[in-house]
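Have a look at the structure below before the remarks.
Every chain is named by a letter (A, B and C) in the order it is written, and numbering of its residues begins at 1.
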Amino acid sequence: MITIETFVRFLDLGGTFVFALSGAVAAVNRRLDVFGILVLAFVTGNVGGITRDLLIGAVPPAALTDSLYLLVSVVAGLVTFSWYAGVDRLRTPVLLFDAAGLSFFAIAGAQKAVEFGLSPVSAALLGMLTGIGGGMLRDVLIAEIPQVLRSDLYAVAALAGASTVVIGNMAGLPYGVSAVAGGVLCFGLRFMAIRHRWHLPTAHLSANARAEADPSNDEKPH
Amino acid sequence: MITIETFVRFLDLGGTFVFALSGAVAAVNRRLDVFGILVLAFVTGNVGGITRDLLIGAVPPAALTDSLYLLVSVVAGLVTFSWYAGVDRLRTPVLLFDAAGLSFFAIAGAQKAVEFGLSPVSAALLGMLTGIGGGMLRDVLIAEIPQVLRSDLYAVAALAGASTVVIGNMAGLPYGVSAVAGGVLCFGLRFMAIRHRWHLPTAHLSANARAEADPSNDEKPH
Amino acid sequence: MITIETFVRFLDLGGTFVFALSGAVAAVNRRLDVFGILVLAFVTGNVGGITRDLLIGAVPPAALTDSLYLLVSVVAGLVTFSWYAGVDRLRTPVLLFDAAGLSFFAIAGAQKAVEFGLSPVSAALLGMLTGIGGGMLRDVLIAEIPQVLRSDLYAVAALAGASTVVIGNMAGLPYGVSAVAGGVLCFGLRFMAIRHRWHLPTAHLSANARAEADPSNDEKPH
């Protein structure tokens, strides 16, 4: 008999594994040593959930008290370390797994925030943060602007999935139903964005403004 | 009848709006998409207060439970997205608004820390952190050294304003009085620093040391 | 009569001082102003412990409630600001002090996590995090990939020291004994790594994979 808790935990662990893979691949590409690979795998797989837990007051965070999260991250790191070529060749599957991981995290994160009594808007935001937080810190640690800030409906998909769970919850639907709906929506949006190169618009700059809008422009105003 | 709580909340929301503007401008200059702009607006406007709330144990943080903070950040992001040229042309006014936001955050942050029973020194530091935290994470997310670490009495002004509130509190002054004094001090310092290009000193390096002091020099000692 | 609490606090303050020195040196090398130097000194010396305290729910963190941590960090920053050439010439001693600081932090961090009832695995990880967290944020703030992710058994030494404390605790040894053993192990590993340029392996890439494994490669999968 599978309870909701078991189901949420399974989703979380699955998401952790695929996110940890993406962190490990980034670490190998930066020539980090094996320990750096493991750290980046753990960070990418767990920091989204850890941040959510800090913000809702669920300390110590599940990623620290439940050793399976660490184990899953370490396995992902070691697999990448040992068979980088293999993992890297799996780029398309990894993208799909990553979309699955994002869906898992977004719906599990939103549900946990709801259970801790947060408002619907906050719970949806925290679901999104659970999905994107790990990848953001991964990119910060390799000194790059986070991918999630500029591509492919990534955060939007997470927010859509998380919002579905929250709305389902408000409508009194069983969690299983809204989780599946939210997961399908998040995965579907992300899948279509990858496949059809969907992008969100960037700000429209006049030719004039474009000449001016070099990065140094925002250095003066804080 | 305006209570202290209403007043503090109003200051906080005003500060959030101008900080969110500066985050959105930085995002547009990096060509982030509209969602990246909204995220950077929210981060810049709210992370200082969120960090303060985490450190004093006020979870979930006000920026998550009170939807007005999100609304104000999203409006600032959308305004910048839609009228970037207009917002960017307002650089000098934005600098002044930013100084006002810094003052709001520093005094409101210090007051909240005092109310949570922190020591005077800690409360002053937390007031400063509330003021500078959002801008620091904004710069980290666009992969740059935070402006606040190298310019124009920014953090010093925040610390001066926060300290004034704390000292006024210890002296038994009504909050309104010390808040106004702290705000004027912070805003005034920042205004003078912008106008007269005041800078804090950097370390004096001998010609010899200067040749050596390239960034790679600190790579060996951790 | 020295109690365990006094001893742990002394270790913590000693570690804070040497870590703050390394943060201040990095800030001077980036030409930050005196306030930026102080901020980076405080961050490097205290963020590891602050993060640990957030994660175990010990808020407000000791680094904020106990003003000695601030004082020690400020002194380290001012010393570096005033005598940069002197501090920089002490590179080898600073490396040794840094190894000592790492040992202090790792064993004190692990012990505090044990006292807060965390599981052995979590406590060992938190000890390591206490040791490496400050240096990681220091490098993030100067927009670089953290040193600790790619060099010289740094995090491994911290993990070994922290694990020794945790294992000693499970075996019922007095804290003094396991702290000394863990500290010697951590310091010794780090000392040997510096002296003999020990490195951990990086992932083996075929010639083919190496050509492909440029940093842009991980940009597509999140």
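Assume a contact is a pair of C-beta atoms (placed from the backbone, for glycine too) under 8 Å apart; a residue touches a chain by one contact, two chains touch by 3 or more.
Only a predicted model underlies this, so the values are computations on that prediction, with no experimental measurement involved.
Interface note: chain A and chain B, two copies of one sequence, contact each other through mostly non-matching residue numbers (shared numbers fall below half of all numbers used). With rounding to the nearest 5, the Cα superposition of chain B on chain C corresponds to a rotation angle of 120 degrees. In terms of their C-alpha centroids, the spacing between chain A and chain B amounts to 27 Å. Multi-chain contact residues, meaning those touching two or more other chains, occur in chain B at positions 54, 140, 143-144, 148.
Within the complex formed with chain A, the chain C residues making contact are 54-57, 116, 118-119, 121-122, 125-126, 136, 140, 143-146, 148-151, 153, 155-156, 199-206, 208-209, 212-215, 217-222. Note for the complex: chain C touches chain B at residues 22, 25-37, 39-40, 50, 54, 59-61, 64-65, 67, 70, 80-82, 84-85, 88, 91, 94-95, 98, 102, 135, 140-144, 147-148, 154.
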